[in-house]
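What follows is a group of structures, each given as C-alpha cells.
In what comes next, subunit A is part of two complexes: it sits with subunit B in the first one and with subunit C in the second one.
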Partner chain A sequence: MIELIMVLVVLSIVIGLGMLFFFKANIGSIQEKAEDVCDLSSSVLLSSALAMPEMQCSFNTHTKDCVDTIKLLEFKDFSSSRDYSYHFSSNCRQRVSFQVIYPEPSASGECTDTTYPDNCNTWTIYTPSDFSSDFALYSTPASLYYPLEDEYRVGRLIVEVEM
Partner chain B sequence: MKKGQVSPVFKYVFGLIVGALFLLFFFGFAMQYKNTASSVEVRQIVYGFDDDLTAFSVTGDSSWEKRFPYSVSITFDNGQIISGDFAKSTSHIVFAPIEVSGNLMYIWTKRWSSPFDVDNLYYITGGKERYFLVFDDDSMSFVSELVSDYDGVPDSFSASSVLLTALADSSQISTLAGDALSYNKVKFVFFSEDSESILTAKINIENKFSNAESLIVLPSEDYENGIVTFPDGEQAVYFGKPLLLGAIFAEDSASYRYGFDSALHKFNLVSQVYQGKASFLNGRTGGVCANEYSGIYSTLTSLESTTIPDSLNEIASYVETIDNIDDQNKALGGECPEVF
Partner chain C sequence: MKKRAQMEIFGFLVIVILLVVVGVIYLKFAMTPSEDVLSEARTNIEVSNFLSSIMAYTPCPGNSLEDAVKNCENNGQTCGQDACNLLENELLSALNAYNSAVWGGKYDGYTLNIELSEPISIMQGDCFNTVLADSYKISTSGGLIQVYMQLCY
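Right, the complex of A and B next:
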C-alpha cells in the first residue's frame, strides 16, 4: 500500500510540474498574442490618426494630407475625454503626440495658445492616467500646417505604447 | 490474509477511485484550456475587426472583404462589437444587420461631411441580405447613381434597382422572389411619393415574400436629405447620402437612430474644434475678419443646441444653416485663413 501511495505522490508531482510548465508557456503565448494585437493597433493608429477630421487639414472643406496645428491646439483640450479613449487607448494604453522636427523651433515644450507657434514643439493629444515610463515608441513623419503663416513644417506623430 | 496485508478488492477500489480522479482532473483541465483558447480567439477577432475599421477610416470611400479562417458570428449592438462572450466598445459608427455570421464579411465605408468632414460611416453585410431600391420616373437618376459601379453600393451588398411599376406585375415579382430565394432577408426601399403604387407593391411583396420588409424614403428635392419610414412605422431623418445608406443597411429604426445620434455627437465634437479654431483665428488676426469668424463661431454653437428637425420644412431650414456657414467659410481667405 505504501508503494502505491508513493507512486501516486511521485506521479502527482510529475503531473504538477508538467502543468506548471504548460501554464507558464500558455500564459507567455497569450501575452505574446496581446502584444501582437497592441503592436498592430499602434501601427493602425499611426496611419489613421493623420486622417482624423479633428486634426487633418481642410481647405474650403477639401482635405489634404497634412495636420492643422491650430486644430491640434483646440483638439488637445478635449481629446482626453471618454469620447476619444476608445479611439486612442482601447486596445492598449498609449500616449499620442505630435512634434515639430524641422525647422527646429526656438523653444521646446507643450504648445498652448500663448506659446504657439514658435515657442513650443509638442502637442500631446492623448495621455492615459498614470502612464508608465516604460514604453515602446512608434512614430511616422507628418506634415504640420501653420494656417496663420500659411506654411508647412516637418513633424512626426509619436505613439508611445505602455509595456 | 496476513496482518498488514491489503485486500486485493481494496486495491482495485482504490485504483478505480484514483484513476477516476485523474480522469476528472484531466477532463476539467482540457475544458478549461478549450474555454481559454476560445476566449483568446474571440478577443483577437473583435480587436482585429475594430482595427480593420480604424485602418480604413483614412479613406473617404472604400470597400473590402474581411475573411476569417473559420465561420464567426459578430453582433453589432449600440456601439459594441460582440463575438461569443466578449464585447468591445467601438468609436466607429456601424450600420449592419444585428448579427453577421460566416467566414466572409463585406465592409464598405463612406465619409460623412456636413459641410466639413465628420467621420466615416461603415456598412457591413454577411451577404445574406438582398436590397431592392425601387424607383419611379422622378427618382430614377438618383437610384441609378446609388447602384452605379462608380461611387455606388458595392456589388457585394446585393443591391439592385427596380422600377415601381414592375412591382404591380405578379410575374415580375415572382422573378424577384426567385432571385432572392437564397437570402435570409429582403429589403425593398421605395424612393417614391406615389403612395397608392407603393401600397399595391407592398401587398404584392407580402404575397410573394416571407422574409421581406419595406422602407419608404421621402426625400428633399435634391435627395440629399429627407425622412425614412421604417417597417415598424418609425420615422427618422437623414442628412446626406451616407446616412441614407445607413438607414438602408441598419437592422431597424432603433439601430439607425443609434448610429444617427452617434454621427451627430461626432459632428458636435468636430464642431468644437472648429469653434475653437474660429475663435483663435479671430484673436490672432486682430479682428480683421471678426464678423466672419464670429459668424461661423456662433452658427456652429447654435447648431449644437438645435433640436433635430423632423419635417421636410425643418430639414430645409437646418440644411440652409449648414450651407450658410459653408458660404461664410468660403468667403475667407488671404490674411484670414479659412476655418474648415
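Right, the complex of A and C next:
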C-alpha cells in the first residue's frame, strides 16, 4: 500500500513538472504571438499610411505615390483625436512620423509652421500618450512632396512600436 | 507476487517518465518559430519604395530623376547639366545617403542598371552575398525603360 502511495506521489510530481513545462512554453508562445501581431500591425501601417488621403499627394483629384508635406503639417494638429488613435494604435501603441533623408536637410527638428520647409526634417504625426522609450523601429522609404517649391525629396515613414 | 507487482509499477513509471520527456522535447521543437516571412516582405517593399521615391526625386524644381532617365536616352539635359551625368551622380549620392542614414551601412554594395540604348550601370562596393533586387519601369514614347537595383549585404 505504501509503495503504491509513493508511486502515485512520484507520478503526480512528474505530471506536475510536465504541466509546468508545458504552460511555461505556452505562455512564451502567446507572448511571441503578441509580438507577431504588433509586427504585422506595423507592417500594415507602413503600407496603409502612405495611401491615406489625409497625407497622400493629390493633383486635381488624381492621387500620386507621394506624401504631401503641407498636408502633414495640418494632419499633425488633429491626428491625436480618437478616430486616428484607433487607426494608429488599435493593436499596439505606435508612434508614426516622417523624416527627410535626401537631400540632407540643413537643419533637424520638428516641422512647424515657422520651421517648414527648410529648417526641419521631421513630422511626428501621431504619438500615443506616455509613449515608452523602449520600442522597435520600422521604416520604409517615401517620396515627400513640397508643393510650395514643387519639389520631391526622398524621405521615410517611421513606425515605432512600443515593446 | 508482491515483488513482481512492484517491478510492474516501476516499469510503468519509467514508461510515463519517458513519455513526458518525449512530450517536452516535441513541444520544444513544435514551438520553434517559422521563418520570418514578414521581415522579408518588409525588406522587399522597402527596396521597391526606395526605387519609386528616388525616381520621383527632383534635383531641381519640375525635373525628376525619371525625367533625367528620359532625357539621358535622348542625350539631352536636365537641370542645365548632362542628364546622364546628373542621373549617375544623384542616384549614387541618394543611395549613399540613405544607406548610411537609415540602413546603418548594412548594405556592402549596390548596383543600378538603367536599360537605355546605351545602358548605364552604377556599381559601388562588393556584391558577394545575399542580394535584394527590384525594378522600376518608365514609360516613354519609344517604349519601356527599366531601372534595376540590387542591394547586397
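We adopt the following convention: the second predicted complex is superposed on the first by the 146 of 163 C-alpha atoms of A that agree within 3 Å, B and C clash if a C-alpha of one lies under 4 Å from a C-alpha of the other, contacts with A are read in each partner's own complex, and residues count from 1 in each chain.
The criterion applied here is as follows: a contact is a pair of C-beta atoms (placed from the backbone, for glycine too) under 8 Å apart; a residue touches a chain by one contact, two chains touch by 3 or more.
None of these values were measured; they are calculated from a predicted model.
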| item | value |
| --- | --- |
| Partner chain(s) touched by A:Tyr102 [first = subunit B, second = subunit C, both, neither] | second |
| First, second, both or neither for A:Ala25, with subunit B first and subunit C second | second |
| Subunit B versus subunit C as contact partner of A:Ser133, first or second or both or neither | neither |
| Subunit B versus subunit C as contact partner of A:Ser143, first or second or both or neither | second |
| Partner chain in contact with A:Val14 - subunit B first, subunit C second, else both or neither | second |
| Subunit B versus subunit C as contact partner of A:Tyr152, first or second or both or neither | second |
| Touching partner for A:Leu40 - first (subunit B), second (subunit C), both, neither | both |
| Partner chain in contact with A:Leu4 - subunit B first, subunit C second, else both or neither | both |
| Those residues of subunit A which subunit B touches in one complex and subunit C touches in the other | 4, 40, 47, 50, 150 |
| Subunit A - residues contacting subunit C, complex | 3-4, 7, 10-11, 14-15, 17-18, 21-22, 25, 28-29, 32, 36, 39-40, 43, 46-47, 50, 65-66, 101-104, 138-143, 149-156 |
| Subunit B - residues contacting subunit A, complex | 6, 11, 14, 18, 29, 33, 36, 40, 43-44, 47-48, 50-51, 54-55, 57-58, 60, 88-91, 113, 115-119, 265, 269-270, 272-273, 275-277, 280-281, 284-285, 326, 329-330, 337-338, 340 |
| Parts of subunit A lying in touch with subunit B, wherever the complex brings them together | 1, 4, 8, 19, 26, 30, 33, 37, 40-41, 44-45, 47-48, 50-54, 56, 58-61, 63, 68, 70-71, 73-75, 77-78, 83-84, 86-87, 90-91, 113, 147-148, 150 |
| Complex contacts: residues of subunit C adjacent to subunit A | 6, 9-10, 13, 16-17, 20, 23-24, 27-28, 31, 33, 38-39, 41-42, 45-46, 49-50, 52-54, 56-58, 61-62, 64, 93-94, 97-98, 101-102 |
